[in-house]
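Once you scroll down, you'll see the structures, which are given as structure tokens.
Next come two complexes, and both contain chain A; in the first it sits with chain B, in the second with chain C.
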Partner chain A sequence: MLNTVAVNLRAIFRDRVFHGIVVVALLFLLIPSVSSLSMRQVTELSITLALSLLSLILLLLSISLGATSLWKDIERRYTYSVLSLPLSRSAYLVGKFVAVALFLLLATLVLGAVACCMIWLASGIYPADRPIVWMNLVLCIAADLLKYVMLVAYAFLFSTVSTSFFLPIFGTISVFLAGNASQQAYDYVHSPLATTLSPVVKQAASVLYYLLPNFSAFNLRINAIYGIPLSMKAVVLPLMYFCIYTTLLVILATVIFTRREMK
Partner chain B sequence: MPKTVRKLFLVLPMLLAGYLVVVFALADYMRSKPFVEKLGYIPSVNTMKAMSADHRETVGALLMLKVLMYYGGLVDKASNELDMPVDYPAMSRTIDASLKLDPYNMDGYYFAQAVLTWNVGQVALANTFLERGMQYRDWDWQLPYFVGFNNAYFLKDYGRAAKYYRRAAELSGNNMFINLAGRYMQRSGSTEMAIVYLGNMARNSRDQAVKKSLLIRQAAFIRVFALEKARDAFVKQRGKLPGSLEDLVRAGLLRGIPRDPYGGKFILQSDGSISSTSGFSFSGVKK
Partner chain C sequence: MHAIEFDKLSKVFQGKKKVTVNALNSLSLQVDQGEVFGFLGPNGAGKSTSIKILLGLIGSTAGTARIMGVDVTEKTARSQVGFLPENPSFYDFLTGEEYLRFVGKSFNMSAADISVRGSEVLNRLDLWEARKRPIRGYSKGMVQRLGLAQTLIHDPAVYVLDEPMSGLDPIGRALVKDIIRELKERGKTVFFSTHITADVEAVCDRVGVINKGVLLAVDTVSGVLERGVEGYTVRLFKPDGASEECVVAKADLQDFIEKSIAQRCSIERVEPKRKDMEAFFLEMVSPKQTS
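Entry: the complex of A and B
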């Protein structure tokens, strides 16, 4: 399987995806000057913008690599020749998934380092009210990475059942939006404001809440931007949630892909 | 060389020359085009929360920058004495949305305090924002300091003002706020309180439009304070209020009546207070 990971990782680099990231990463250079437009929170704005840009790039990578990687191979009939080798379908799928996840990790490391440099520069323009907590920043970036790896797992799951790229791409975007809104919807449904909602709707919302990914759990932005202390629970629970949820998704995707009829 | 390529070489310089003429004319036109920065419509906060996904803080910050750009444009126009209706309700709505997306964003609270209170008289709204902000920025002494000032200066609720000044003192570890409360908690000291407060606000503001607006107001209040001191001296000497500000000049207590930086004229009210025909705003002069 290691070979599959290496081959797929090389393929991603060959597609010049990393070059594209470097070009987009040039936008990070604008962060200190845009942040200086703030009245009172230059450093905080630079952290907000840097984290947002990083998250946006990771989102684009997750959708483009996660949703098209498997579909492209099947479309080019590349999968058939690979699977004729002594390689199981599950190893092929997991290998591809790990390659995309590793590429996301690499992109996060490079872009995260650039983001930290820009934040450090901006903090020299106008120091923050509260000192920057670099550990919170690193944990926030790491949590973002976990979230997008989970999204890639969804993209792979959609790719295993779809014959076109529509479901993987639009399905992944929908999961991303739903996963970010699920906590808000759940809170609303169980608040006194929602007394008019029928119990059936409330039950349905609760079931969806537990089924859909909860991306809000990976959002540590406020802690990173304003240096608000992070509890152990806020770090450990999302990590455990990620491990279990992603493993389940990959297993489900593997089962479907193994049983898929390839013609 | 093929015929089509030769034709292309003939057309290309013409197109290039045409482009140069048009692009400079266009740039010239764009520079002179009246600049209208509008706040316009923004979707509901819940929609923005759902659609912005994990970029809520960024959307909040961008909305706030939009308000700053809009206000910056207005301050420039006010200085150039151009007439421009100010969409204050849209400004309040946008700040509210920005603070609901990121309740930690200090720019929103600072702007509400610097502009909504003085320019629009929306003291209650500014206090609502600030009190909401205190639940989040529970380390920040500036928010209770602002609410304390609003209660003392605008609402004359000295009991509430003292409560918030005490909170500011606790958070900052600086007893200055308690002293401030004791010194200025009376009507006679309110102009001096405003001068100190506006100076602090202007010093801490990085936005040039907001800074300029605060400094102009401070300059006006410094002049009012000088007039108040002369009026008090007149009352001490003669045992009665002067009939007009000119009486203060005639009594040798003032060299002349200072100019209102907003372009209005200072006047003495029948109760002895000093006001201006400008209402301390540029728009007040023209109307």
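Entry: the complex of A and C
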């Protein structure tokens, strides 16, 4: 499986998407000067901008890599030459997934370091009222990464049932949007405001809530921006949620892919 | 133990709009170890379908297949096989050399073995110069030759080649035939599909003819060629120096030669006149046309 991970990482590094990301990442360099334009809350703004840009890049990466990785292999008929090697379907699929996840981790480490440098520079220009809690910043970025790895698992699941890139790409985008809104929707449905809704709708909303990923659990941005202390629970729960949810998704994808015909 | 074994293998494709295609119909066939077997059939006969089942790429609707005694649904069945897909395509962001390394590692070869065997097969398939170039820039013939190289690198016992000569120029075709003969000499099993009868005649021990998913005949190549002998063309010189060419029926050859010698003719050449593999193939596949 290591062999599969290595070859897929190489595929990503030699892909055009990778070079596009490097160009987009140059935007980080603009953060200190843009933030200083605000005159007030320069540090807070720089943190917001840096985290948003990082999140956007990770989103683009997880959709473009996650949704096309398997599809490309099938489309270009690499599957015939690779799956006929003494390699199990699960090792192939999991290897591919690990490669994309590792690449996201690598991108996060590099871009996260750049982001922190830029925030540090910005805070140097106009020192903040509150000191920056770097630990919160790191945890916030890490939680973001977990969220996107989970999204990649969804993209893989969609890829295993689809013959085109249409479902993987748009399915993943839908999951992303739904995952971000699910907590709000749930809260709304169960609030006094929603008394007019029929019980059936409420039931359906609850089922969806437990089925869809809940990405708001991974949003630690407020804590990072304003240096609000993080409870142990706010860190450990998302981590456990991530492990269980992602494992289930990958297992499901593997089961489907093992049965799939390479016609 | 047979090298390759198909046992009542059937495959039904479930197409769109509920059309079903019976691509394979109860195919039973054994290929012995050390044998070169030609799987001969027209386009759409079911050759690639059988081969894909053999490599675990698709499942069978009914029946089983085994490689070296291992059921093909197990991944270990593939550990003793070198497989060349039809119109192959390989990770094109890798160079030829890197791809061979990837394949070697998949077969658990050591780094040292990979580098030694890798150079050997790259040279053998005339890819040495191109080894450091990305496969993206290879011509169709080069990709086909790389495909053959990646079947050879781990020196397996069984070779499954789906139309190995397609996309190659005459030099490449000759090279592939040479390699198949070499493998035979080294006691390897080669199972290859083709629709070209001359290729079967050139390298195979046995041939199986398949059409519309049905295996029509299995025979030794020498048997087909011998039984195909219909008579002989005898060229002889008469005592007065004139030369003559006579067509003699199979049964009359002995008599004819004795008579000729008695008449003091000298025999220059005796050639068997036979239906070749092509005639055999056409007769099998479309019996009505070749009365």
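Basically, the second predicted complex is superposed on the first by the 259 of 263 C-alpha atoms of A that agree within 3 Å, B and C clash if a C-alpha of one lies under 4 Å from a C-alpha of the other, contacts with A are read in each partner's own complex, and residues count from 1 in each chain.
Here is the rule we go by: contacts are C-beta pairs under 8 Å (C-beta built on N, C-alpha and C of every residue); 3 or more make two chains touch, one makes a residue touch a chain.
Worth saying up front: this structure is predicted, and the values here are computed from it rather than measured.
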Broader residue contact with chain A after superposition on the shared chain, chain B or chain C: B
First (chain B), second (chain C), both or neither touched by A:Ala205: neither
First, second, both or neither for A:Leu121, with chain B first and chain C second: neither
Contacts of A:Val235 with chain B and chain C, given as first, second, both or neither: neither
First, second, both or neither for A:Ser88, with chain B first and chain C second: second
First (chain B), second (chain C), both or neither touched by A:Leu106: neither
Those residues of chain A which chain B touches in one complex and chain C touches in the other: none
Complex contact set, residues of chain C against chain A: 13, 52, 55-59, 75-76, 78-79, 81, 83, 85, 87-94, 102-103, 105-107, 147, 150
Residues of chain A touching chain C in the complex: 3, 7, 10-11, 14-15, 76-88, 261-263
Touching residues on chain A, where the partner in the complex is chain B: 36-42, 44-45, 48-49, 51-52, 55-56, 126, 129-130, 144, 147, 176-177, 180-181, 184, 215, 219, 221-222, 225-226
Of all residues in chain B, those that touch chain A in their complex: 46, 49-51, 53-58, 61, 64-65, 68, 102, 104-107, 110-111, 137, 139-140, 204-207, 210
